[in-house]
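Here come two complexes built around chain A, the first alongside chain B, the second alongside chain C.
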Partner chain A sequence: MALNSLSFLAFLAVVVLVYYIVPKKIQWAVLLVASYGFYLSSGFDHVVYIIATTLFTYGAGRLMQHFRDKQKLEIAQMGEVTKEQKRELKKVVAKKVRTVQVVTVLVNLLVLAVVKKYVNFFIGGVNDVFSLFHWDASLPMINLIVPLGLSYYTFNTIGYIIDVGRGKHPAEKHIGKYALFVSFFPSIVQGPLFRFGDVGMQLQQPHKFDFKNLTFGAQLIMWGFFKKLVIADRVAPIVQHVFSPGFTDYNGSQIFFGVLAYSFQIYGDFSGGTDITRGAAQILGIELPVNFERPFFANSMADFWHRWHASLGAWMREFVFFPVMLCKPVTALSKKVRMKFGPHAGKIVPSVAAPFVVFFLIGIWHGLTWQYITNGLYNAILISSSVAFAPLFEKMTKKLHINTETFSWRLFQILRTFGLLCISRTIVKAPGIKEAFRMIKAMFTSFDPDFLLGFDGEIYTYGVDEKSLWVVFFAIMLLLVVGVLQENGMKIRETLSKQNLIFRWSLLLGLLAVILVFGAYGPAYDASAFIYGRF
Partner chain B sequence: MKLKRILGCVAFILIACVMMTVLCDLLELSNTSNFDKRYETFRNLEKDTVDAVFLGTSGVDRYWIAPKAYEEYGMTVYPLAIESMPTWLMTNVLKDVFRYQDPKLIMIDARSFGQSNVKKENMEIFARRVLDSMEMFSLNRIEAGFKTMRVIHETFEDAPAFDISYLLSFVKYHDSWKDDDYKITNNLGSKEHEYGGFYITGNSTKIQPQEVRPYDFDLYTPLDPVTEESLYEILDFLEDKDVEVLFVDTPQLKDDQEVGRGNTLYKILEERGVDYIHFLSEDQSESLHVIDLDYNRDFYDAPHVNYYGAEKFTDYFAEYLDENYDLPDRRADDSVKKDWDGRYDAILDKIKADEKKKNSANK
Partner chain C sequence: MDRILEILSSIRADIDFEKEEKLIDDGILDSFDIVSIVAELCAEYDVTITVDMLEPENFNSAAAMLALVESILDED
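This part shows the complex of A and B:
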């Protein structure tokens, strides 16, 4: 059941109705049944994985909790104990907890690696070595069904295990309530990622019907449909056209057109899907984390990653970035460098090491291909260098008398970031890594402005005709206008709710009409699955 | 939730539905044959003013000049025809007929049963013509939509078991603004079919001489399974309605398969005791129609007569109906006059204008 389908809306309507009719005590059970019903609609085979992950991580959490509870009991039973004895006991328990934590996380990651065919990357490499030496042998590839939202619930459960291990919250006792945390249906397809201490607890709480939640949630869903159907799916043919194997015939402006289209496609697709997810959850009284904060207005790559897939960024920051930054080898190296080259150099070590690990992982999270790895490293280099060369940039702007508090400087930063992102998008979307570099080179060496301005009419032959392209243009303009208003602090839905009825309804009905008429859906289009659904 | 808010939600949903209906109407594909107009005109006729309905395909609307029969005999026999109307939807069309009118006689175009369902695309197109002409929100239309999905899915495995666009045509047509030939003006204005259901274009006087083909009354070809199932469904439905039924096989030059299927149909109808008429000559040795059709002048193409053929067919068939069925003369009935008067003149004017245009082009 796709999030952008009528069947999903009908399903949601039924769930909402039942959810608010049943006694509040069992609202969570309604959500659990709905979540598994939703999940089952994607295929019976898929459910096996989510049940296995739920049981395994639930068991691990309970085991860690058992160690902790036992420790408390033992201390209580021991009567008067010295600090030394207490510390010793805690150490033993911490070791046990850590072992469970590490094993659980590794098993989870291993399942992810096997199912998502990461292992095949290595098997392929081994087979390449065999053929290099003309050995008549090859290892078989492992091909399993990739269940819906595997990465998302794996990351959520890993987060849960680490949090329980760190003692941030106790392990959940109720298997049903824990299963709901793992499988909550609006977010299972493409996130956002969330923590048990936040969303997990919200899911268990009773929720009274709130009209504001209903209207705001419905509006967010509508906005998500607009981004997905009017922008993402309408520009999809351009992306397919430019990034097909015939790319060598295209000049730089044609490739740039494709990259531009892809940038809006991926944003409309992913953030649109997230809006639908968050809107659906809001109707149910659940507030999911914000995943996108107008990434097109980012003024640096670091800023972009705070705005783009923010829940993954937050997860990485919490469970990878800080642990890497604070781990013993990095701090030791940082100390050495600081002593030898000064305090700024010392700061650079963790600032470089952590992004490299994070972006390498983000790269392979998308897929274990050279393109994703390269893209991860590209982002890591950009972010690390911005930290490393920050003093230099500061000196340069001062020397050149650049006022960094102006609109023009901010616009330059936004355009520069967007340009850097276009390169990143090309690396990922090109048919191969070699092709990606050739495409990037073409963008700088053979540019034809006539094409982009539509003078020769060729721009309309890239799978999207003139009328559709104008629709996309105005839709993007609307998106940017809304973005500018939000950047300036306006809370669109709050502001709208304070307007007169006629204005408010006209706007909402207008948006509905735009989606219905200009949305790319129906038999003329392939059922466009969400791009991030496959991760 | 306060009552005010509930009412607000209901009002918003109602406005959204009205908006959706208007959008559906505006973005509907422009239909050159005006099937929807023919259907809507039927729906708008004064209640209980239609005595007979002639249901079917192009074997009806190109032959039966209803306004002419009305002018000459006062009979109101409405041609509710849609090109290649699928047989599985005929019961649904009949349900609509009885919803709006109370006809004493139902005539069914026999050639519909000679069709075979071998192309998925054609099945879809033909079904959509009917579905798009039916009332947008009615249970009958929903039933027809589901039936279409089932029939197409059962015939072609790769066809989806559920396709929302059969229930909400907007899902399929919402993109029509992109088509070069789409003009919003086509879907604005009156939905009245000014020629009373008769098919007329700027080319209705086209002449294509035909050669007489032999007709073999001993040739039997099984009906298409979907068609046969539909036939029994139609017969059962009409039996329940207790109306007179007549299957009409309008003159055309059939190929062997059509001849074989026609004969099979006649046999089934005889077994069920249902009347039919096929206009073939008495000796039944060759395809000479009892109507004095001129094969060098009265045919548009092999399966259809042109306007001149339609005039002859209507003259003959109206007389036949007048003699064999108890159809009242309604020419003095005011509720009928407002819908039927002047339609035949409109047809004659159109034909005259076309002939004039053709003559001046030939000079």
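This part shows the complex of A and C:
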């Protein structure tokens, strides 16, 4: 059941109705049944994985909790204990907890690696070596069904295991309530990622019907449909056209047109889907983390990653970035460098080490291909160098008498970041890694502005006609205007709710009409094709 | 307190650590600063600050950081 389908809206309406009718103490059970119902609609085979993950991580959490509870009991029974004895006991328990934590995380990651065919990357490598030496042998590839939302619930459960291990919250006792945390239906398709201590607890709490949540949630869903249907799905043919094999026929401006289209397609698709998810959850009284904060307005790559897929960024910061930065070798090296070369040099050590690990992982999270790995390294280099060269950039702007507190400077930063992102998008979207480099080169060497301005009319032959392109243009303008208002602190839905009834409804019905009239539908339309659903 | 202020100033001389009380909430310190601060505090006070202690309330001000260090020393 696709999030942008009528069947999903009907399903949501039924769930909402039942959810608010039943006694509050069993609302969580309604969500659990609905989540498994939703999940079953994607195929019976898929459910096996989510049940296995739920049981395994639930058991691991309970085991860690058992060690902790036993430790407390032992300390209580010991009566007078010295600090030394207490510390020793804690050390023993911490070791046991850590073992469970590490094994559970590794098993979870192994399942992800096998099911998502990451293992095939290595099997392919081994087979290449065999053929290099003309050995008559090859390892078979593993091809399993990739269950819906595998990466999302795997990351959520890993977060849960680490949090329980760190003692941030106790392990959940109720298997049903824990199963709901793993499978919550609106977010299972493409996130956002969330923590048990936040969303997991919200899911268990009783929720009263709130008209504001209903209207705000419905508006967010509508905005998500607008982004997905009027922008992402409308520009999709351009992307398909430009990034299909045979790109060599295109010049730089044609490729740039494709990259531009892809930038809006991926944003409309992913953030639109997230809006639908967050809106659906809001109607149920659940507040999911914000995943996108107007990434087109980012003024640096680091800023972009705070705004784009923010829940994955937060996950990486908490469970990869800080642990890497605080591991003994990195801190020891950082300290040595700081003592010898000053505070900035000390900052460079972790700033180089951690982004490479984080972006390598983000890269392979999307897929274990050379394109995603290269893109991860590209982002890591940009972010590391922005920290390393920060003092140099500051000196340069001072020397050139550039006022960095102006609109023009901010605009320059935004356009520079967008340019860097276009390169990143090309790396992952090109048919192959070699083609990606050739496409990037073409964008710098053979640029034809006439094409982009539409003078020769060729721009309308890329799967989207003139009328459709104007629709997309105005839709993107609307998106950017809303973005500017939000950047200036306006809370759109709050502001709208304070307007007069006629104005408010005119706007909402207008947006609905735009979606119905200009949304990309048709016989070839595939409502299930959310790009990030496959991750 | 003076020592901790000295450490913090050696890492970010541009911040008035005596006054600031929302170093994390207001985004004044970035992730890289936090790591440098943690490394310095661990070395100076001979304590271990673990990842699970990286909560905003522990790093929003110099006083909060000192309180964190003292609580670890107490625990030991």
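As a convention for this text, the second predicted complex is superposed on the first by the 528 of 535 C-alpha atoms of A that agree within 3 Å, B and C clash if a C-alpha of one lies under 4 Å from a C-alpha of the other, contacts with A are read in each partner's own complex, and residues count from 1 in each chain.
FYI, a contact is a pair of C-beta atoms (placed from the backbone, for glycine too) under 8 Å apart; a residue touches a chain by one contact, two chains touch by 3 or more.
A quick note: this is a predicted structure, and the numbers were derived from the prediction, not measured.
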Partner chain(s) touched by A:L6 [first = chain B, second = chain C, both, neither]: first
Which of chain B and chain C A:L516 touches, first, second, both or neither: first
First, second, both or neither for A:N213, with chain B first and chain C second: neither
Touching partner for A:W505 - first (chain B), second (chain C), both, neither: first
First (chain B), second (chain C), both or neither touched by A:S468: first
Chain B versus chain C as contact partner of A:R317, first or second or both or neither: second
Chain A to chain C touching residues, read off their complex: 83, 87, 166-168, 317-318, 321-323, 325-326, 331, 334-335, 338, 343, 346-347, 350-351, 354, 387
Sites on chain A touched by chain B in the complex: 6, 209, 211, 465, 467-468, 505, 508-509, 512-513, 516-517, 519-524
Complex interface listing, chain B residues touching chain A: 1, 5, 12, 15-16, 19-20, 23, 27, 163-165, 170-172, 174-175, 177-178
In the complex with chain A, residue positions of chain C that touch it: 10-12, 31-36, 38-40, 42-43, 49-52, 54, 76
